[in-house]
């Protein structure tokens, strides 16, 4: 539901509030006066045709893209002021997986962990196994297939104890089991009070509180 | 149906025949003794979980990957001997789109055309329009979104008059309309006597002769 | 590789058009990235001007080393720019398209090499007299230097192309490329620089030019084949 | 950027561990590509030996230019290897992960720079005496050269990092990098080479070392901040 | 079909053949090496101008001449790899590269040591020295490329291409350097024709040493290649049997 209809007194401030976001890419306005918020325990799927600005929006949200106007609040405060707290509790996985091709999945995850939330080797192996990469822990990622690489990237979600997941087309190149698997992960995370914001073109079937934000018509339909 | 059951006397040799293909990647056998053939007027979807060897198979078919054993026939002759004829009538679109980020879609297509089948500017604009990229002909591809880039790559199918299309996950990052659109293209091409071999993890719904080749169990199920 | 000729005969016309299209494409890309045109010159300028700084501003000494310095800088400039030869195409998949073209790879590779030379080699050649002047090269040696560079730099592009083609698939770049290419390029360097210094002391240089020409001819015929083979391997 | 300090105070421990992890990661990557360790040395060797080939094998002339040649080659070696600093991370998206880390970017970038120096700078320093010998550098100048290189090469890595960070987003590499970095690095080159040549003629060199040290200190404090900012811009 | 056969067949064939050769090679090397060294180091008279240092020649010349032979050998192996796709050829090529690099380095080293005695300098930009140095770089390039590519087949072909290109270049390099420097340092362009001006007791042991070192080179090459064979064929039946037999014995 749009922020305006919400009563700030009753419920705690949502994790992320976007206010009057405006972004234009070479003369074309992608979205203007975009309001929405993301609270714990819900999943927001950003819909929209190709080139409608989903990726741009996600990158703006997590601060990778700065040419926009508008206000982004983290737990009610401007994100700029609480940046490190925000980053500490947010995980972003974009079009590019962020997996080094020379290192093995294990090493890749070890580094990611050290960047955000320390995780020991057991957790890492667990996470990889959870994503069906058992026995692939020590194969250089260059020798992994497209989908396997994507799985390595997704394993980050399990080891980072972030409350907000921002995923850009996480289902790409995943096979049927992989998709199921990820959908369960998302559901779990949301049911555990986490928040997920993702884009995908494939019909999502998660059993948790989920709504869609359609960029083709800038409004939230609950 | 497997080659063995087919009577070569009656029908013309299929476009592509794969005989006893064997491929192993670092000690893991992807497929061995794989027989199948691709005839005009049919679409073969290669199924298989992540890492089952779909991409490898396609790259082997179009000659980009050479570490395999087995025989590949083009119209009944070993592909090595009729290579240029084969290449002239085959189009491959892989995980990597093959779209230069600095050139515009128009320029990209112009070059692709010159490589395989000459196409004039009208055809190119037409092809781009057909894929919903009207008004994007002259924007540098670096400024295109993931899906739009993929569409530029797909436009090659329209300008190349190839009879065989080999597509590796062509639906990635396409939005709903894009998917429909591509499925129609495939159906048209097949109905017109062309042959398509593709991999995808999303449920395919094309109204033309289509069968699946599941790599997880090496046999063709019609 | 050696069926290149036959194919050309089969569809000579479209081979020619593919050649032109590839050449034009690479040039357009370079033009759009304007600094691709500027860079070789700038690099050449900077490296050459590093030497008076590093060595000594004394005209006599400089004029003695000038020929060598100009040549070494030219060599490094064309080597640094090599990186852009197949890299982008490999990463965005255009290279696969190139390999899957029914046209003989020899000519497509040749087109790309020529484009590379036009972008990185030619400007250096044109700029060299200025730098020679800055390094107090005796004026009688100017023409020799320009000519040797004119014959030598294409060889550098052609040899370099082999190195890039071999290494394009690898994660790490830059240095391994240099390690492979530079030794191959030494003869050109030696002969070119030698020709210039010989002219300065008034020796005949015909033989040097003959040699350079021979090397160029060899490179033109062989190098693209090697590059093509190497590309096939790297993409595999 | 300048809130780096505060954050560090907030969670110093994990900042330290992130620093180590990043350093280790880059070193591991280099070790896995074994030739990443070999190449800087080989490149250095090859480039240095290009000059005698280009200039002249005469010991007297060579010994005069040797200091400059060694320094220029070291500069080029560390510059060529720069390309591997952020490039791969940018292409595979690791860089975004780095930027999205709650840890202060200053230290992560510093870790990467140190790793780069250990891989590409240190070997060059260690090898330099051999090359100095091959170029007939007077033996009394050896120590000065090694020390200047020891102080100078880290500066090259740190400055270079800024250049790479600025250009990592661009399609064309190699040269634009050189064009940005070389001017930044020239002061170091001049001072370093000058110190060596001064020793050769028996002048005092304390001031040169002081200057180099000052530059190094400056680079250590400022350069990583600049690189971090530049990375933010390029990824944007 | 026979291609496929050659691929699988020849390594084993070579392995078993070399089994028979090796003992004889060891023996002959031992004999010649001992004779040669004994003769060269103790019997040969001091050189009237070089003194004892002349004895370095007996190691330097053989090593140097082998180092020159290595690159062409590698190129030939590479050609076979590319044209006939023979696995054994690539194994040989892979084994030659490091050996060649070592011998080249050794030639440089011994030469340098000798040079220190004769010319009073470890290094001079003399034609022969320089060309050998560049050849050394070429070797390093091949090795670096090999270690950089992890797919064995790709590495094989890539190195083959590089080896061939390099082999075409080696003579060009040698020639260019040669005539580049003949003007500059004729003095250092030292060539002591071992035959005419010297008495037989100088060059006969040299010949013996050359043979001995050549045999040594052959042995090293064969051993490395055998290792490579076992490494690459470790999953083929005959190797497994072999290992089993070794275990039982």
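When the chains are written out, they are named A, B, C, D and E in that same order, and each has its own residue count from 1.
As a convention for this text, a contact is a pair of C-beta atoms (placed from the backbone, for glycine too) under 8 Å apart; a residue touches a chain by one contact, two chains touch by 3 or more.
A quick note: this is a predicted structure, and the numbers were derived from the prediction, not measured.
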Between D-E and C-E, the pair with more C-beta contacts: C-E
Taking each chain's C-alpha mean as its centre, the one farthest from chain E: A
Chain A and chain D, separation of their C-alpha mean positions in angstrom: 37
Euclidean distance of C-alpha centroids - chain C vs chain D, Å: 27
Distance between the centres, which are taken as Cα means, of chain E and chain B, whole angstrom: 49
Centre-to-centre distance between chain E and chain A (centres being mean Cα positions), rounded to whole Å: 58
Two or more partner chains touched - positions in chain E: 134, 137, 140-141, 144, 148, 151, 153-154, 177, 180
Multi-partner residues of chain D (at least 2 other chains): 33, 35, 38-39, 42, 46, 53, 56, 88, 91, 171
For chain B, residues contacting two or more additional chains: 66-67, 95, 101-102
Of chain E, residues touching chain C in the complex: 82, 134, 137-138, 140-141, 144-145, 148-149, 151, 153-154, 157-158, 161-162, 164-166, 168-169, 172-173, 175-177, 180
Touch list for chain E against partner chain D, complex: 121-126, 130, 133-134, 137, 140-141, 144, 147-148, 177, 180-181, 184-185
Interface residues, chain B side, partner chain A - complex: 25-26, 48-51, 55, 95, 132, 139, 143-148, 151, 169, 172-179, 201-202
Contacting residues of chain B [partner chain C, same complex]: 62-67, 83-85, 87-88, 90, 92, 94-103, 107, 110-112, 114-116, 118, 140
Of chain C, residues touching chain D in the complex: 33, 35-36, 38-40, 42-43, 46-47, 50-51, 53-56, 61, 64-65, 67-69, 71-72, 75-77, 80-84, 87-88, 91, 120, 170-176, 178-179, 182-183, 186, 189-190, 193, 197
